[in-house]
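What follows is a group of structures, each given as structure tokens.
What follows is chain A paired twice: with chain B in the first complex and chain C in the second.
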Partner chain A sequence: MIIAERKPIKELLNMLSGHDRVLLVGCKGCVTVCNAGGAKEVAVLAAALRITRRREGRPIGIDEMTLDRQCEPEFISWLEEPLREKGYTAILSAACSVGPQYIAERFDNVSVMPALNTTFIGGTLEHGVWAEFCRACGNCGIHNFGGLCPITRCSKGLLHGPCAGSSGGKCEVRPEADCIWHLIYKRMKNLGQIEKLKELKPAKNWSSYWSGGVRRVVREDLTL
Partner chain B sequence: MKAGSNLERILRSGEFAVTAEFIPPATGDRGLIERQARYFKGYVDAVNVADNMGAMVGTASWAVSKVLLDLGMEPIMSLVTRDRNRIALQSDLLGASLLGIRNVFCTTGDHQKFGDHPEALNVYDIDSVQLVNAVRGLSDSGRLLGEAGCDNIGPFFVGAAADPFGDPVDLMILRLGQKVRAGADFIQSQPVFDLEKFGHWVRLAREEGLIEKCSILATVLPLRSAREARAINERRRGVEVSKEIIARLEGVPEPEQAQEGIKICAEQIQALKDMEGVRGIHLMTQGWEEVIPEIIREAGLKTRHKKDKTRSA
Partner chain C sequence: MTGRFEPRIVAFCCQYCSYSAADLAGSMRLSYPPNVKVVLVPCTGRVDPLHILRAIEDGADGVYVAGCLEGDCHFLEGNFKAKKRVAYVQRILSECGVEATRVRMFNIAASDGPGFAEAAIIMTETIRALGPNPLAAKNEKMAEELRVS
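Our next item is the complex of A and B:
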């Protein structure tokens, strides 16, 4: 899933400094699962913003609304009516950055701000801890590495083993992270695939990554 | 002879090679580069010119390499894959060929987190093994990584780094094998402080049939003080100065520790010279270039002064 983190309150207050009527929009997708932008986090954030602004002598009206998903135009249209009737000057979107962009493209007359930093594609390690697992290179080859991704999980994206900064099975760039090459080596050894690891890998084709320009997937069988 | 460089000639002749590392400062002052270079001249066979070492901006490796060539010295141009994609790397190789640079040293480079621009975007389009392979293809058959080819390039004598002290050692040998198969002519190791562990790695490399295919140069790092030794252990992963060496440095008063460090380094060189499979040493002085002549003398290595033209770096 997409992992996101809420921006610091101070940064959000700065963004909202010229606004008194704001709609804070949450999302029930990934950001609910990673506790960044679901209904619960939206309620907490709205309360914090209201209290701070009141204390500063510039009260702000914030309404809350959480959409099923902000990465789906159909759900974005649910914002039409409240925007028409409530006179909001800004929408603060607590989704991954797809959400605020959809809202911005749909509504010409309202400012849109991101409440979250979209951080990575990842998973839960333990309660309250998430880690990155995929850079969405668009050309998955993890079967060549024991099912683990060195493109994402090696800080240098190395395809031929660890750098000298690997120590005690940890990465020098992020000492809390495993050196993925240690895990790849261990696993491929267990699988009897060391010979495969010795092979030289050609320079990666990055054209399916962002390097190939803005990406789009078209499924002919699903298009109308 | 493939590349025809001085370093290649020395290694092929079976002589013990001496290289040293030069970290270019961030400067446009040619005079400064020339003054620092004088510590190398006549003492080493070739000089590694670092490429933004430690992810800190320094004057371009190709440009400083050209200054060394003008001074009658032989450069080993370093190229890291951190800052340039395959287009820029190959372009720099063609430029190096044009300038008469014949030795190239390929690494991935330190992560920018540890340098003076930690907010920079890195590249890592290809890794060091793929860069070695790219230089090889360009050098041997004028083949670029894309569709096109090019004429009159190199040839290059290609170097790569190896870590004999990483864990597990089998993985370190596997990685060395990849670099050799990719086309590395010579290897410069991580700094050696543990001769036993290094010797074990060389033996394993020999068993894998790797040391016949490329020349191994052991890196030595002269220590200025016990404090510096401890700082290296704290700061640099993958390099560990042994307790014995630190104790030896601490055993003399601080003003004399640098002298003791030189002595230790010279002893290490002598031991490495006798180690089967080691074809030379690489001096990593970390900006302490002025110590090179003394270390060469102390270790009993031949100087490479003028009269023997083929050996003046």
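Our next item is the complex of A and C:
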């Protein structure tokens, strides 16, 4: 899923200066699961923003609404009616950055701000802890590494074994993280595929990553 | 009227320990400040950050969460969860420019009536020293008009 984090209140207040009627829009997708932009986080953020603005003597009216997903134009259209009837001057989107972009493209008469920093594609390590697992390079080759991704989970993205900074199974760049090459080696050994690691991998083609420009996936069988 | 500031304090008390301690304080005829309004919760693990924030937003001068002693939670770890949530709300309030010490966690055993009274006194004195909730005095009427949710 997409992992995101709430921006600091101060940064959000700077964005919202000059606005006193705001719609704070959450998303029931990834950011609900990672506790960054679901209905509950939206309620907490709205309360925090109202508290601060009232303390500063500039009260702000914030309505809350949480869409099923902000990465679907169909759900974005649910904002039409409240925008028409409530006269909001700004929308604060608590989704990954797809959400505010969709909203901005759909409604050209309202300011749109991101409430979250979209951080990475990852998974839950334990309750309240998430880690990066995929860099969306567009050309997955984790079968060569025992099903583990060195591009994402090696701090240096090495494809031919660990660097000299691997120590005690931990990474020198982020000591709290496992050295993924340590795990890859152990796993390949268990699988009896250690020889496979000795194969020379060709230089990775990064054109499927962002160096190749804006990416798009088309499934002709699904298009209308 | 002496004009002394009398804080309005909300206390979320767990039914197994601190609420029983409040009962005991009453039975023991201990006096504690009437500023504290007790909200009974089945466990402090039920207290959500939003409950605390809403209390502050709606004018409470202070909020505290009173749970069982650590290790004594009827639901094993509800008071530990509450402790983390209180710390989370304190961080949010700091970001909002509101004194984090307006919110606090206490752990009080069911048998500790005096402990309940003491917590109420400590909290009341703390909040009295801090002064009124900064929101209460600011644009009350305008805020009501703007509040849409």
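Basically, the second predicted complex is superposed on the first by the 224 of 224 C-alpha atoms of A that agree within 3 Å, B and C clash if a C-alpha of one lies under 4 Å from a C-alpha of the other, contacts with A are read in each partner's own complex, and residues count from 1 in each chain.
Criterion: contacts are C-beta pairs under 8 Å (C-beta built on N, C-alpha and C of every residue); 3 or more make two chains touch, one makes a residue touch a chain.
These numbers were taken from a predicted model, which means no experiment stands behind them.
A.B. asks: Would you check which partner chain A:Lys156 touches, where first means chain B only, second means chain C only, and both and neither mean what they say?
C.D. replies: After superposing on A, A:Lys156 lies in contact with chain B but is clear of chain C.
A.B. asks: Once the shared chain is lined up, is A:Ile142 touching chain B (first), chain C (second), both, or neither of them?
C.D. replies: After superposition on chain A, A:Ile142 lies in contact with neither partner.
A.B. asks: For A:Ala203 in the superposed arrangement: first (chain B), second (chain C), both or neither?
C.D. replies: It touches chain B, and chain C stays clear.
A.B. asks: Touching A:Ile62 in the superposition: chain B (first), chain C (second), both, neither?
C.D. replies: second
A.B. asks: Figure out whether A:Ala104 sits in contact with chain B (first) or chain C (second), or with both, or with neither.
C.D. replies: neither
A.B. asks: Determine, under the contact definition given at the top, whether A:Ala39 touches first (chain B), second (chain C), both, or neither.
C.D. replies: neither
A.B. asks: For A:Ala48 in the superposed arrangement: first (chain B), second (chain C), both or neither?
C.D. replies: Second partner only, chain C.
A.B. asks: Quick check for you: in the superposed arrangement, does A:Gly165 touch first (chain B), second (chain C), both or neither?
C.D. replies: first
A.B. asks: Any idea which chain A residues touch chain B in the complex?
C.D. replies: 155-169, 172-173, 181-182, 185, 194, 197-198, 200-204, 206
A.B. asks: Which of the residues in chain C end up touching chain A in this complex?
C.D. replies: Those residues of chain C that touch chain A are 48-50, 53-54, 56-57, 92-93, 95-98, 134-135, 138-139, 142-143, 146-149.
A.B. asks: Quick one: in the complex, what on chain A touches chain C?
C.D. replies: 8-10, 20-21, 40, 43-44, 46-48, 50-52, 54-57, 59-64, 86
A.B. asks: Inside the complex, what are the residues of chain B that reach chain A?
C.D. replies: Per the touch definition, chain B meets chain A at residues 82, 86, 108, 110-111, 113-114, 122, 124-130, 133-134, 145, 161, 163, 166-168, 171, 174-175, 177-178, 181-182, 190, 237-238.
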